[in-house]
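The structures considered in this document are given below.
Each of the two complexes below includes subunit A, the first together with subunit B, the second together with subunit C.
This part shows the complex of A and B:
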């Protein structure tokens, strides 16, 4: 078995139980997208559709190179084109391959309420398990990069799998293999980080002083990383978040409120049980009965028959 | 169902307790987890090397077909990707090459020779034999009529200038060599290849 075999889970949505793994830690994989070498040919997009058997309806031209205009359940990766005028007044055509970033701390997985619908393998890939998905859309809200899309056909959420089926067979993802300029690379996270370092040194020597690697610490790093010529302002690349982090609503709800609420429920159960053991159930005492009859009599109403028990009165 | 108020409260409490227990982590997420990664679809597919049909770069491709080639199994192309052992593209492909599977199965794909007679407005299906015979006949007639053996100075030139040949680009060096030999042995000078695009 390969060390890229990805059957080992390290995290599963909506459950605190992670199956124990006898095998040792796997290599962390990563995809490096070198935006500076991309020519925007969309071979990655075509290869992704071909491998994953995704075919959408033919759309319409909207006056932009982005085609289709946005990610959808049939488009797991998408080239986003930006015309950027740099401070020197020159036009730069920035082309970014958008898609799942496979965060080390995935917002989608944190937000997901369906047990086992989102998993993270030991190699770092974050995968959606469709048959456990309930289509609630929490992952869409939880994602700092706005990636998952809910299908109207089967009401399940879809995104890039980093070709987990290919990686499990020790192959590179389809987009990586297709890329004719070598702008997309795949390997261990360390190798990709090292290679990115070489690219950054090269770019800096060519006058891109702010060139750098995009591996945002806000989500503990990602398994899809970018080499950017302007790493100081990622947002110029079609809205790549400058400092992505999981939304505070998800953090508050899942990180604080959920454990707190579960704790109070557990406390309620335990306290109830203890009370039942020590104090026992609350029963109507003869003096309560007498008091009630006294109150009824004072208002001129017929008093309850003292021979009848309380239980029989309850409908 | 005859449900008393007390019974209803008991039932609600029990369901709440059950869901709370699973939310607290007592209980797995089911057998479905074992099925996580999509099964690798090429495990036993037959792999065939070929050349991309599109442009002059002539990228090497791997064609994966359904079935292992057994007598009763009918092959069907299910996947195409770049050939990593091919020196031209080393596994990569352009967007058109990456989408080759769809031209293989396209209903509009040309699969048989078609002939449009002079003056006719439509193509009709013909057999390969008919098409090849007709091409050979026309070439022979034209060459017999217009072949130039010697130029004005009396030098032997063996030229045939009235017919040209446009060769396919998706060819190996060996195929290209043979094509060149055939065309030049006719004396054909108008000879080109899509590799110039």
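This part shows the complex of A and C:
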């Protein structure tokens, strides 16, 4: 998704200078997905396809309600169905709308090597700028939620844009507009957090004592949040990470290793230069040639004509 | 290739071609790899036609380098086997480093420094290939778990930096020790060069009346 504004970035991938941030006062936005009110109708999936004009190839029925089976370059949001047996022995049908969480500290953006291929707007939305994407798949490694998918056709990475084009025009994301039960809400992050608080109080009064808001602090919070009946066990919702954070492997690779690597390369070059200046070149001396020729001659082998030097010239 | 009278063949023509193919691949891999490693160096990707081309071509160059380096291993491993005199030579490294080679033990065709470069690359190149395959998104993006790919990516980066450092040592040594460069371009060294830097090798060549680069072995296969 290309952006129409260029002065409201707070982060740009693979960029060492401060991005233009004239509109840094903007409200942080959030989408709140109330899993407890979701009926699994997939209207959000259809709306996403429609607004973003995505058409995946028709796949195969695999015996589950998940359709298609996974996110892919043409499926940016996906209902994941889990049949959960609670401790009382009752069945709970947990339906989670999966897709990009729009982390406040985005692992994809941190890992991306292509300048401007991933940006974060002042409102918190994390967006892929496809023309800058090089298709390396580093964002896949950076993401704690397993969201980005690389297209085999155009070698670009795709994921939910949080309808950044709609939001820029003060519209709510397509999935929000389509949801018939109000399970998907959109607004400022503060409003959504407040609303989630009311929902959690309501759920607790109905016996869901572990109900809560999923806004994981490991990635400094997300701009897509869930209300969960069992916020103590996010992973029962089709593998939602319990404590997502950017992998420490990725942190080290994109953190300390970069200056360490360039520093050690520079040190190597400088050390060579200093050695050249202090010790200088190691040159073959006339005595060496004389000794060598002596040995060659003793075995009857030809020797170089001493009047025609073939010593390599010093540059 | 004709060699001037009284000179010693240091590197055969196939070995030199093999070396420069490897070298070209290594330089291209370093430039393309660094462009995807550090944002400050992303501009290097322009040399390859942009980021997409850099991403696409880097692994293929890596495959060529691996095959090419296997050729170098075949051609050079015998002279890179560690010998007792290498340790003694290493003990005298403080003399070698300041160009005072009197009293430094006589060594064969390759010294301990060259052997270090050879074996470091012999370890790093296959390891870089393996980790590189894991993170080759187009073909193997779904072949391993994301966690495996994260580790492979970190290892690949660290080993690449190590290889670049070894390469700097290698290139500088070739600049520092005059005559080395010609031994890899035109293939020969003067007798004095062989005497000064690899006297044991030189003596072996003279003894077996070999023009180089290796002593002539007799039917029983010894020396």
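FYI, the second predicted complex is superposed on the first by the 251 of 315 C-alpha atoms of A that agree within 3 Å, B and C clash if a C-alpha of one lies under 4 Å from a C-alpha of the other, contacts with A are read in each partner's own complex, and residues count from 1 in each chain.
Throughout what follows, a residue touches a chain if its C-beta (ideal position, glycine included) is under 8 Å from a C-beta of that chain, and two chains touch if they have at least 3 such contacts.
Computed from a predicted structure; not experimentally measured.
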*Which partner does A:127 contact after superposing on A: first (subunit B), second (subunit C), both, neither?*
first
_Partner chain in contact with A:69 - subunit B first, subunit C second, else both or neither_ = neither
*asked:* Applying the document's definition of touch, where does A:161 land relative to subunit B and subunit C: first, second, both, or neither?
replied: first
*subunit B versus subunit C as contact partner of A:141, first or second or both or neither*: second
*Based on the superposed arrangement, let me know which partner A:45 touches: subunit B (first), subunit C (second), both, or neither?*
first
*Touch check for A:274: first (subunit B), second (subunit C), both, or neither?*
neither
*Comparing subunit C with subunit B, which touches more residues belonging to subunit A?*
C
*When the two structures are overlaid on chain A, which partner does A:264 contact: first (subunit B), second (subunit C), both, or neither?*
second
*Mind working out whether A:201 is in touch with subunit B, subunit C, both or neither, as first, second, both or neither?*
neither
_Under the stated touch criterion, which partner chain does A:256 make contact with: subunit B (first), subunit C (second), both, or neither?_
neither
*Would you mind listing the overlap between the subunit B footprint and the subunit C footprint on subunit A?*
14-16, 115, 132, 258, 262, 265, 269, 314
_Of subunit A, residues touching subunit B in the complex_ = 6-7, 9, 12, 14-17, 19, 41-47, 49-51, 115-116, 119, 127, 129, 131-132, 161, 164-166, 168-169, 174, 177-180, 182, 258, 262, 265-266, 269, 314-315
*Given the complex with subunit A, which residues does subunit C contribute to the contact?*
4-7, 35-40, 42, 45, 50-52, 54-56, 97-99, 101, 135, 137-138, 141, 146-147, 149-151, 153-154, 157-158, 161, 164-165, 168-169, 172, 175-179, 181-182, 190-197, 202-203, 206-207, 209
_Complex interface listing, subunit B residues touching subunit A_ = 4-6, 16-17, 20, 22-25, 27-30, 32-33, 35-43, 79-82, 84, 89, 91-99, 101-102
*Within their complex, state which residues of subunit A touch subunit C.*
14-16, 113-115, 132, 134-138, 140-141, 146, 150, 152, 155, 247, 249-250, 252-253, 257-258, 261-262, 264-265, 268-269, 272, 275-276, 279-286, 288-293, 295-296, 299, 301-305, 310-312, 314
